[in-house]
Amino acid sequence: MIPVSLILIPLITGLAAFFIKEARSVKAWALLSSVITLAIAAYGIFLGPAKELAFDAAWLPELGSRFTLMTDGMGKMLVLLTVGLFPVIFAATYQNEYKKPGSYYALMLLSQAGLLGVFLAADALVFYFFWELALIPVYFLCSIWGGEKRIAVTFKFFIYTFIGSLLMLVGILFLYFQNPEHSFALQSFYHIQLTAGQENLVFWLFFIAFAIKMPIFPFHTWQPDAYEQSPTSVTMVMSGIMVKMGIFAAIRWLLPVFPHASVQFANPIIILSVVGMLYASLIAIRQDDIKRLIAYSSIAHIGLMSAAIFTHNKTGMEGVMIQMFNHGINVIGLWIVADTIEQQLGTRKFSELGGLAQKAPVLAILFVVLCFANIALPLTNAFIGEFLMFNGLFQYNAWIAAAAVISVILAAVYTLNMVQKVLYGNTVPVTENAKEISGNVKWMLVVVVIVVIVLGVYPQPMIELTKDTVNAILVNR
Amino acid sequence: MPIQYYIYLCLTLFSIGIIGVLTRRNAIIVFMCIELMLNAVNLLLVAFSKMHHGAALVSDKATTVGIEGQLFVFFIMVVAAAEVSVGLAIIVMMYRNTHSVDINFLNRLKN
Amino acid sequence: MSKLVYLVPLFPLLGFLINGLGRKSMSKSLIAIVGSGSILASFIVSLLIFFDVKANGGTVVTLFNFIDVESFKIPFAFQVDQLSSLFLLIITGIGFLIHLYSSAYMHEEEPQHYGRYFAYLNLFVFSMLLLILGANYVIMFIGWEGVGLCSYLLIGFWFKNNNYNYAARKAFVMNRIGDLGFLLAVFWILLKLGTATYGEVFANVSKLSSFDITAITMLLFVGAMGKSAQIPLYTWLPDAMAGPTPVSALIHAATMVTAGIYMIARSNILYTMAPATQTLVAVIGLATAIFAATIALKQNDIKKVLAYSTVSQLGYMFLGLGVGAYTGAVFHVMTHAFFKALLFLGAGSVIHAMHHEQDIRKMGGLKRYLPITHITFLLGCLAIAGIPPFSGFFSKDEILTAAFSKNPLYYFIGVAGALMTAFYMFRLYTLTFLGQFRGTHEQEHHLHESPWQMTFPLIVLAILSVVGGWIGIPEVFAENAHSLEHFLAPVFAESTKLAEQHHLAASQEYLMMGGTTLAIIIVIVFAVNSYKKYQASTTEATGVGKLLENKWYIDELYDAVIVNPLNALAGFFKNIIEKAGIDGLVNGVGKLVSYGSRQLRLVQSGQVGNYILIMVLAMVVFFLVWFNDGYIYQLINKIF
Amino acid sequence: MSTIQILFFFLSALAIFSAVMVLVSKNPVHSVLWLIAVFFAISGHYVLLNAQFLAIVNLIVYAGAIMVLFLFVIMLMNLNTETEPQKHIWMKLAGVISGGCFLLMLISLVRQTQEMVGRKALMAEGNIGLIKNLGKALFGDYVVPFEITSVLFLSAMVGAVVIGKKD
Amino acid sequence: MNAIIVSALLGVVMMFSGIISKNKSVHTVVAVVGLLLLIIANLLNSYGPYVININTHGLLSVEQFGLFSNTIAFTATLVYVLLSGKTIENTGVNVADYYALIFFVLCGVSILSSFNGLLMLFLGIEILSIPLYILTGADKRNLKSNEASLKYFLMGSFSTGILLMGITLIYGATGSFTLGQSKSIAGAGLVVQTSFLQIAGMLLLFVAMCFKVSAAPFHFWTPDVYDGAPGVFTSFMATIVKASGFIAFIRLFENNTSVLGPTWKILLSLVIVATLLVGNITAVFQQSVKRMLAYSSIAQAGFMLFALYSANDLAKEGILLYSAAYSLATIGIFAVLIKMKDYTFDGFNGLAKTQPVVALATTICLLSLAGIPLTAGFFAKYYMLASVVKAGGSIWLVIVAVLFAAVSVYYYFRVIQAMYFKNGEAETLEITNGFKTGLLVLAALIVLIGIFPTIVLNWFYF
């Protein structure tokens, strides 16, 4: 029952939130709901009996689709990420004021439900449903509460991803009719025998969907605009969690179902991803906007992950697993900082900022730590993931790995550039009377930073958590 | 009489009807051309019915094979009559409002 | 005792946390006590460990499982052996002195920055200790990057000044470049051996093909280049002088920059088995030594001179490593740590007295005002110049001797470098302490000797740099006098087995020592005389002089060849490829659709005639399709 | 060449000629009259095919009722050559050509149908065209459609009222 | 059989109620009651034994598929009348007559859902069309309405001509008015191969049907007529009529495409792609929501044609589901549209502020049309695609279709954007609470079908 409740609680509370008019109560409501979800998830994953973590019920028997939910290691981890980050997001943006707060938080909770569904679904049709369900609320969130160019940008983002998911739907249908068991169940998909031609075709149908979602070069252009335009708490959801949908899906639905194709096309995809890393990193060097910079840097990180996925070796895969979680944590931290700066000073441009370290040392310190996590400094969580991923990539092909590693230098360049422009130097008019962060923001950042460090020093639990998935993906077929 | 002749004749009439629809702008004339097409069809139907009837007669003297064709013609005429009443009503209505029966005269709806 | 090794990094870590979190609330003196005390504590522990090791060998202490995946496992373990314990002493010892020194030097900082400073410094010591103690390359890498981080933080300590920030960034990025080499090497090792733990790696080194070894060592050396400021990655070190002087002393002279030497010494067996790399190391080292020395000749910033001399000394160490004189290299690391720290601190004391004036052309005749500083500084100069029996002489001599036996050319170039060293050091000394004071009057008015916290380390270091060399007295003077070699023997045992044994005739060695010493003395005298009467001249230097003053225009070269093109490329990507190219394509599809829409709706002409016309034509087409279906099939089969 | 054939060709020629005249005559009234001529020709064909009932109905319903209705309307609007709108010449050409293509298509198709070769339409005999048989069939097998056409007429009636009634 | 008779009678009843009572709302009430009767009668026909049995001599064949399509059509009409009854009353004076015509149309619908043989098809189409010509022109003073009805009438009767020529040729070839048999050839004892006459006839038939369901390139009447006709009747035409057109189309061709051989698929896929292209692409640039919906109905037709392309059981279920989903959603949107003062996109600006409930319902309808999951529209499209994939082969056609579906999102969401994201004061006619409730129920129904499509299918089908 636990997975169901994980989906239902945000869903119901979200729908209820539509009718709460008063801002403070709805914030409290959303926070409460997310905390409850977190509690349940934590219980289910760490304490509860294992059988509680699976759920199966008839949904559309005629269509051969059952409402099946399951949690393997990866699923657990991403569920933890989702349920863990939402309270952080809510708390960190607690003082932000939105028009129509009821609808805002309602949609946020709905998107949480969708995300959890995606990570739990073990049935292709259910998966597709949640895949879309996670998208729609975000579309509305960005379009209503976003920046001035929001409508066009969000619309591009929506149609872009929608095309992807439709192609995926075609792929799913195709698989379904190739499936001797005439079912959408994930497990049965693993046993489908396809001819080479079919496999390649459907592989690409799926891959494009996921590539757009991740996004990897050259499908990424929706992302920076979307991140820039949408309200930060939504950006947090998008870059912290939604982006992981693509990677998660690639691991769960792409590799095992298309074993041959995913090996056959590994090379072009990996090269594409690596090119994307370098490309994004280079572009990030020239950014002048905190949000855009983070966006591009996260494109680079994602590129590494997608490359690591297709190395088909355990090291890389472990890295991806861990990095999915860690990247979520780090980028959320960065967004919180970006948000506080924007909320307080009303700008995100480096060129207009500076000397913040004098005014807000605590913010500065936390920000610096997060930035170094962003460039994968050892003893921060990101290092573990990237170390493993680069390692896997190296096992796959030393030269590609060498090329990819260059992005680490570039990462240092642009991240430190940001740090310097924003925090150091002398204060400028904008930052003259900047105030130190306080209360919820501070504590949320502290929490994030602590997680960053702890996971950086002692990552083994994460590795243990996801080991089973890695073996399942790479050993079976 | 070889059936081809009828087929050619009717197809010709039919196509003349089509050409009329394509070349005239007077709604009434266009409508008349459509009626012409219908008549071509009627004639062809009758011809075919007689053809089938002839084929059937060989084996069975009392056969009524082919009668359905002529009944169909009957129904076509019925429908045509109904259509005409409605059609002319519409044309008249338009004429009332615009004092024109030009099918291109009213051109508010496009793109 | 060795079991307690984790205490060594623990104390600095605690110090870091306490100072970092409590920097607002704690008083300066408390901060200083915590900061220095923690290092002192770990120094004491290190001492105990040192003797423990000396008595009954090294060991490996595993704390917990850091990374454990199918393909390999990396424990969080500490390697306690002769080499690391020696470095522990150097780091904690000198670290403590410099902390002490800093407590006075940084005194005018306001408390929170004061606290921040000590926090950084402790963090640095912590990471340096990790680097030294790590029992496998990954842990070493953690420290490796950690010290980079700390140097970044400390160089940019006065973050209001953007030039300092740029220097910090440069340092970090250049280190990163090196680190990549290191990282790739680690991957390579993991790939081939499935482990990064020293013991296992060195045990199975025979499993590696010579190509692998060469590649690995080369990559590791790239790491060393970055960290230890060798050509071509040295330019960050002089800029790093932006940081507070004690920092320069600790990080950019005594400890961090020697990490590269430590790492190579640690993996000596690999290098011994990769002669090609060894040659490269030697050549690079030598080149750096001589090159940096030439630049140092014409620098006027007291710290810059020392910085370049550091680079060149590091070059010597790499020369030593390259020619297989691992002990010599480590020996020189130690002595260099003593006298270079001393020199920097002395410089710091001078700068302190001169109110942050660093240009030696505006100094002079300071020996009247700063007696202790003057004496200690002089000793330092003698040590670095390599006058017997000062420490520098022994270490440098050992390296040069080894170089000679490898290839005489190395030796002579090395000696030339040594002469230059002597020259610029005494140029520095003379311009600073002898002659007339050339500064402003109120500067002169304020000149004063530094407080005891600053002078005490000077004295200690001076003593060390005098006697420090005596633990490595060459065999020619006395049998088994080279106690360091014996101490370190177990670490380099494998290499020494492999390396061909060569012994110079005692007479030749004496000759060489005598010759060099004589030459050096002559150079010193020349330098002192030529600069005693120095007056600040406004004449622009020309030719080689100009070239040297501008450091061979290396920075400009790098900007022109690497930095600017990269920026241009990034700009091109950002503005052209991204906007016009990819995004243009994506939006182009949208535009295409709306354009098609605008055109297609014109077909809807609103005229019945046209509609029916199109319908008729469509029917015609249908019939055509029908009667030509054969061809259409072929077509479709061609397409799908 | 039997009389039937002569009659056939004569009627065919008449029908086609008058049909063409329907198109080309400028004055709508003339077109109507020509169309009536076409209907007469067709009725002639019916007679040849021994479908008297249809021949009569054709004359009564079409030539009689419908065409007169047309005529009334035209008179009522007093449309004449002057008020007659003309299409652009190119449009006309396009119309003619495409119509011609359509005709060609169908004819070429008919020429390819072997099974029609040698089939004949039974002339002047066979009694299915007689009112008696048709009536039997109509109120026997075909009573349902016959009833249903009443719905058609109802709707047409209502429609004519709705459209025609002044309000 | 029930449906045909009852609907015809109800038409007459409406005429009389028009004579008896001058109170407009009475007519609406009568119509609603009548529709309920109709539905019941039809359900009795599908489940119960209570059937008016008439020997149709094989001219009609009443089978489940047709009956279910009837039920859907009647139910949709009921919803339509309930939502838009007021507007019908305000359209003109002869309200009763409008209802009468609507019932006659429904009679045609039920004929088309049960015809057997081309004669009844022809009659059914005519009974379906002639009232529509009139409804299109119902707004007599409005020139647009005039123009629309004239165009519709001329082109409609032209297509009738084509249809009849097709029928005739088939008759000539086979000697019967039923499809799918080559009697004459077999009788003549020649090599059994389809007669060219029959092929030509079926092609012409196909063209005529394409015209009725407004498939490109025979769609041209659709935008103009839908745009010109009074909004209420557009809604009716675009949904119930079109759906029944498809039912007829499928019943006509499902078993007879073998005669046409493989070229059939090529032709059909050409038509499908053309339809999708024209419908979606042209809709993108429209300024008036009404006209956009007209084009979108063409696009939807493109999707429904898939049912024809892959004539399998999945397709038949699908077309039922599709017509249900599509009709409901379109009726909902039109119901809102005709309440707007301004039919352009800007007319919807800020509707979410002035009328949140209406905006919500409209959004759900639009999402359904766009085929977003959790709405009925998704499963409608799903079934169509699935049927094609199941039929095998042409996966490329499916890919093209989904790409166009993505395009369709563009113009559907323009309305949503206008309602929610643009600022403005959307002006509406007075909106009663009853109307709102109706819309909400409709939306709820759409979502329900979106989650459990099998409910509908189980009720209606198996």
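Labels for the chains are A, B, C, D and E, by order of writing; each one numbers its residues from 1.
What we mean here is this: contacts are C-beta pairs under 8 Å (C-beta built on N, C-alpha and C of every residue); 3 or more make two chains touch, one makes a residue touch a chain.
The shown structure was predicted, so the numbers you read here are calculated from the model rather than taken from an experiment.
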Fewest touching-chain hops separating subunit B from subunit E: 1
Where subunit A and subunit B overlap in contact partners, by chain label: C, E
Label of the chain whose CA centroid is most distant from the centroid of subunit D: C
Chain occupying the middle, per Cα centroid: A
Per Cα centroids, the chain farthest from subunit B: C
Chain pair showing more contacts of the two, B-D and A-C: B-D
Chain centre separation (subunit C, subunit D; CA means) in Å: 102
Mean-CA-position distance for subunit E and subunit A (Å): 43
Between subunit B and subunit C, centroid-to-centroid distance (C-alpha), Å: 97
Whole-Å gap between the CA centroids of subunit A and subunit D: 72
Touching two or more other chains - residue numbers and ranges from subunit C: 601, 604, 606, 608-609, 612-613, 616, 619, 623
Contacts with 2+ other chains: residues of subunit A: none
For subunit D, residues that touch 2 or more chains besides their own: 87, 91, 94-95, 98-99, 102, 106, 109-110, 116, 142, 145, 149, 152, 155-156, 159, 163
Touching pairs - complete list by chain label: A-C, A-E, B-C, B-D, B-E, C-D, C-E, D-E
Touch list for subunit C against partner subunit B, complex: 601-602, 604-609, 612-613, 616
Complex contact set, residues of subunit C against subunit E: 593-594, 596-598, 600-601, 604, 606, 608, 610-612, 614-615, 618-619, 622-623, 625-626, 629, 632-633, 636, 640
Subunit A - residues contacting subunit C, complex: 156, 160, 218, 220-222, 279, 282-283, 285-287, 313-315, 318, 355, 357-358, 361, 372, 377-379, 383-384, 387-388, 390-391, 394-395, 398, 401-402, 405-406, 408-409, 412-413, 416-417, 420, 423-426, 458-460, 463
Touching residues on subunit D, where the partner in the complex is subunit B: 4-5, 8, 12, 15-16, 19-20, 22-23, 28, 31-32, 35, 38-39, 42, 45-46, 48-51, 53-54, 57-58, 61-62, 65-66, 69-70, 73-74, 76-77, 79, 84-87, 91-92, 94-96, 98-100, 102-103, 106-107, 110, 116-123, 126, 128-129, 133-134, 137-138, 142, 145, 149, 152-153, 155-157, 159-160, 163-164
Subunit E to subunit D touching residues, read off their complex: 4, 8, 11-12, 15, 54, 56-57, 59-60, 92-94, 97-98, 100-101, 104, 107, 111, 119-120, 123, 126-127, 130-131, 133-134, 137-138, 140, 172-173, 184-185, 188, 190, 195-197, 199-200
